[in-house]
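Down below are the structures I want you to see.
After this come two complexes, each holding subunit A, first together with subunit B and then together with subunit C.
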Partner chain A sequence: MKRLSGRRGLRTLLLAAGAALALLPPAGAFSQSAVDEIAKYRQQLQDGNPAELWEARGEALWKTKRGPRNVSMEGCDLGKGPGVVKGAYAELPRYFADADRVMDLETRLVHCMTTQQGFSFAEATRRPFGAGSNRSDFESLAAWITSESKGVTMNVALSHPKEREAYQIGEKIFYFRGGPHDFACATCHGESGKRIRLQDLPNLTEKAGAQLAYTTWPAYRVSQGELRTFQWRLNDCYRQQRFPDLKFTSDASIALTAFLARNANGAAFNAPAIKR
Partner chain B sequence: MNSRRPTKAILAAIAAIAAGCASMSDQEASQKALQLMKSSFSERGQAKLDRLDQDESQRLCSKPPSHELAKETSARIEKENLASIRYPADGKLMGDWKNGERIAQSGQGMQFNDDPKRPSGANCYACHQLSKQEISFGTIGPSLYQYGKLRGTSEAIQRYTYGKVYNSQAFTACSNMPRFGHNRILTEQQMKDVTALLLDPNSPVNK
Partner chain C sequence: MADPMRIRVAERDGVVNVRILMSHEMETGQRKDNSGNLVPAHFIRNVVATHQGRTVLSAQWGTAVAKNPFLEFSFKGGKKGEKIAVTWEDNKGEKRTDEAIIG
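Entry: the complex of A and B
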């Protein structure tokens, strides 16, 4: 590692020089590198976020009477009392005494769909992730519920023993290497300033990286035309890690989310975001 | 001084007991994490649950960077991985760099949604710079541009390069790089082709 620091210093210097050049009036050409072009593309994306379509559908879903018992989700307690949505996501995952379990948002939604609306677990979790016209209720509900935490400071507590246990286990899972490629979450997200191809990778072991990453999910993925939740993010990371299929709302997914969400504490929540 | 020491010791003991109550031991957390993972994944396509069964290298390397491995442990990991390398029976270590370039570009293979009948890629560019032409490269691994030009193509370099692709942890314990031969990600011919991509003087890596 030490040997690299000299080179890194040089790279920083070159980057700084590049940044200084960028301030000069452009002489015909627009950008210095493909990385700059991508940064510009990302900036342009911020102007209009189709996540609003999911948010509108989610709000309607929350308020619609559904299920065998024909009740809405408005009696659902996301941690701040029945029906309180504002700021709830910034405190999840958390321990819920009525289920004696730490739950993330999607897990809590399944809980309310089964205990209040009367859906079976299989019915409720039939479609965790949407594809085209086959929309996922979770993606819509999560879009709306998380939008109600926009600007709220992340504040995930570790006050209950089960919350501390989930965090501790989540950390272990983060570093767990397995599969034919020996990949752990930490393989790609354990160092700062790294990228895969041209995609920047957040360092989730550092506060700044965890904050930037966690507070920008859910996100509308331009490449897929879908709004994706944090459960989807974890599932698709594990697909690329060559692991088996991470079960929707599984204990490992909740523990890992607890670890990452807690590490993002102190940052303003800023999703649904829009990503490439 | 003397009167202070016992107080400090008592405080330290109280803190240790409190910490013990607050959290599981590290080992207990590892065991629980494994249990939880086994119940949290389902088999899909070619990705079976045995992918969660760690070999010793995986288990020892599943630690935060703050847990630095003891020198003997690193040495043991490297020794065991070195012993796993199988060199081609025909003695030829360099194949076709053009095929090597295709393998280096491809990220196909072994994901639960991949067709197991299609050959896997190595996806070298995901983490390494290789040729000057390909500007879409990652930086998790070091740049390999000019790899062969800097090292030459001696028998020793060929053996090291093929061996590194076959099992990276033979040379660096807990390397982030997949063990392409050891874990049967690439075939022998594919590893020869990747070796050629890195070493052949005509390869874009060395231009």
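Entry: the complex of A and C
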């Protein structure tokens, strides 16, 4: 028998490896054990979740006097009264009479930064997402504010007509196909058992999937070393669909958030979480 | 100035369990940025934990430790209400010390 040597030998080996792979069971059988392993990995990381570093920064940021008017955000009404943070996130997005608009967390924070702290809209919305040492105030604030809703049951109301309107628009956006790939959110998130590479995609049209997905954002993404918010998740889904960028604090962004948050009603909020 | 650490210390049956989260980039010096330049190494070199002035843990770290590292260890002989201090020092000479009370 001829000895394998040099490049040809390597190629023969690779071919052999390919043949061996073909003999293994189909992908479905793989993914189950991989999913179990990922779940185990998450469990191990849960203790000592670096999201706590963002939570600490967010709490300090909330209490620090900032902006042209030199006031803290402690007078900010997230829907449960000025300064009340506990459980507030589990009821957002909601209608705010003072702004006559349905607002999600980020939009409400921008509202407080502009109306109370005196920042201009451009200043306030300068950096929705952080990268490395350029941290985003929104990611820190969201980390802390959401942590104050940990364990609280999701309870997004549809009592005001504008809340119902936002929900309906959000639903429409979710199923709207567009962009160069003729894609909709529902293309990936409308069926169970779908995945991108090894990542299981939640079926957001089912109660369990919608609850699991919404209640585990924000999350510390180990692969990025960053804390990412639900807003970031939406924006990145838009990028993956090759849609135009989802505009920060836009009605479309709030509507889609309202639709997905409302569908998570009844589940205990469980973030900031940790994801691969 | 580096962000503060999160330190949680709990005593049970004479054994003190310490859990520390540090905020640090932990750059290996092998990554390239968007323009293809190497990102300079920046990582924690030394970690020292003391209990009432007595060193209970001393570690030399390298680039293999993850970003925003989490460290957990236990030692004997601590009582509730006593103080734990943790210090890290990185390869740029930056330092950070934080304290926590055993609970």
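Note that in this section the second predicted complex is superposed on the first by the 240 of 276 C-alpha atoms of A that agree within 3 Å, B and C clash if a C-alpha of one lies under 4 Å from a C-alpha of the other, contacts with A are read in each partner's own complex, and residues count from 1 in each chain.
Methods note: a contact is a pair of C-beta atoms (placed from the backbone, for glycine too) under 8 Å apart; a residue touches a chain by one contact, two chains touch by 3 or more.
None of the values given here were measured: they were computed from a predicted structure.
*Asks:* With the two complexes superposed on chain A, say which partner A:184 touches: subunit B (first), subunit C (second), both, or neither.
*Replies:* Only subunit B is touched by A:184; subunit C is not.
*Asks:* According to the stated criteria, A:268 is in contact with first (subunit B), second (subunit C), both, or neither; which is it?
*Replies:* So A:268 meets neither subunit B nor subunit C here.
*Asks:* One more residue to check, A:225. First (subunit B), second (subunit C), both or neither?
*Replies:* Touch status of A:225: second partner only.
*Asks:* Looking at the overlay, what does A:47 touch: subunit B (first), subunit C (second), both, or neither?
*Replies:* After superposing on A, A:47 lies in contact with subunit C but is clear of subunit B.
*Asks:* Quick one: classify A:246 as touching subunit B (first), subunit C (second), both or neither.
*Replies:* After superposing on A, A:246 lies in contact with subunit B but is clear of subunit C.
*Asks:* Quick one: classify A:198 as touching subunit B (first), subunit C (second), both or neither.
*Replies:* So A:198 only meets subunit B here.
*Asks:* Please determine whether it is subunit B or subunit C that touches the greater number of subunit A residues.
*Replies:* B
*Asks:* Does subunit B (first) or subunit C (second) touch A:133, or do both, or does neither?
*Replies:* Second partner only, subunit C.
*Asks:* Could you pull out which residues of subunit A sit against subunit B in one structure and against subunit C in the other?
*Replies:* In the superposed arrangement, which is not itself an observed complex, subunit A uses no residue for both subunit B and subunit C.
*Asks:* For the complex, give me every residue of subunit A touching subunit B.
*Replies:* Touching subunit B from subunit A are residues 33-34, 161, 164-165, 168-169, 171-173, 175-184, 186-188, 190-191, 193-199, 201, 205, 238-240, 242-247, 250-253, 255.
*Asks:* Can you list the subunit A residues touching subunit C in their complex?
*Replies:* 47-48, 50, 52-53, 56-57, 132-133, 220, 222, 225
*Asks:* Where on subunit C does subunit A make contact in their complex?
*Replies:* 3-4, 6, 19, 21, 23, 25, 66-68, 70, 72
*Asks:* For a test of understanding, state which residues of subunit B touch subunit A in their complex under the given definition.
*Replies:* 22-24, 29-30, 32-34, 36-37, 39-44, 47-49, 51-54, 57-58, 61-65, 110-113, 125-127, 135-140, 176, 178-179, 183-185
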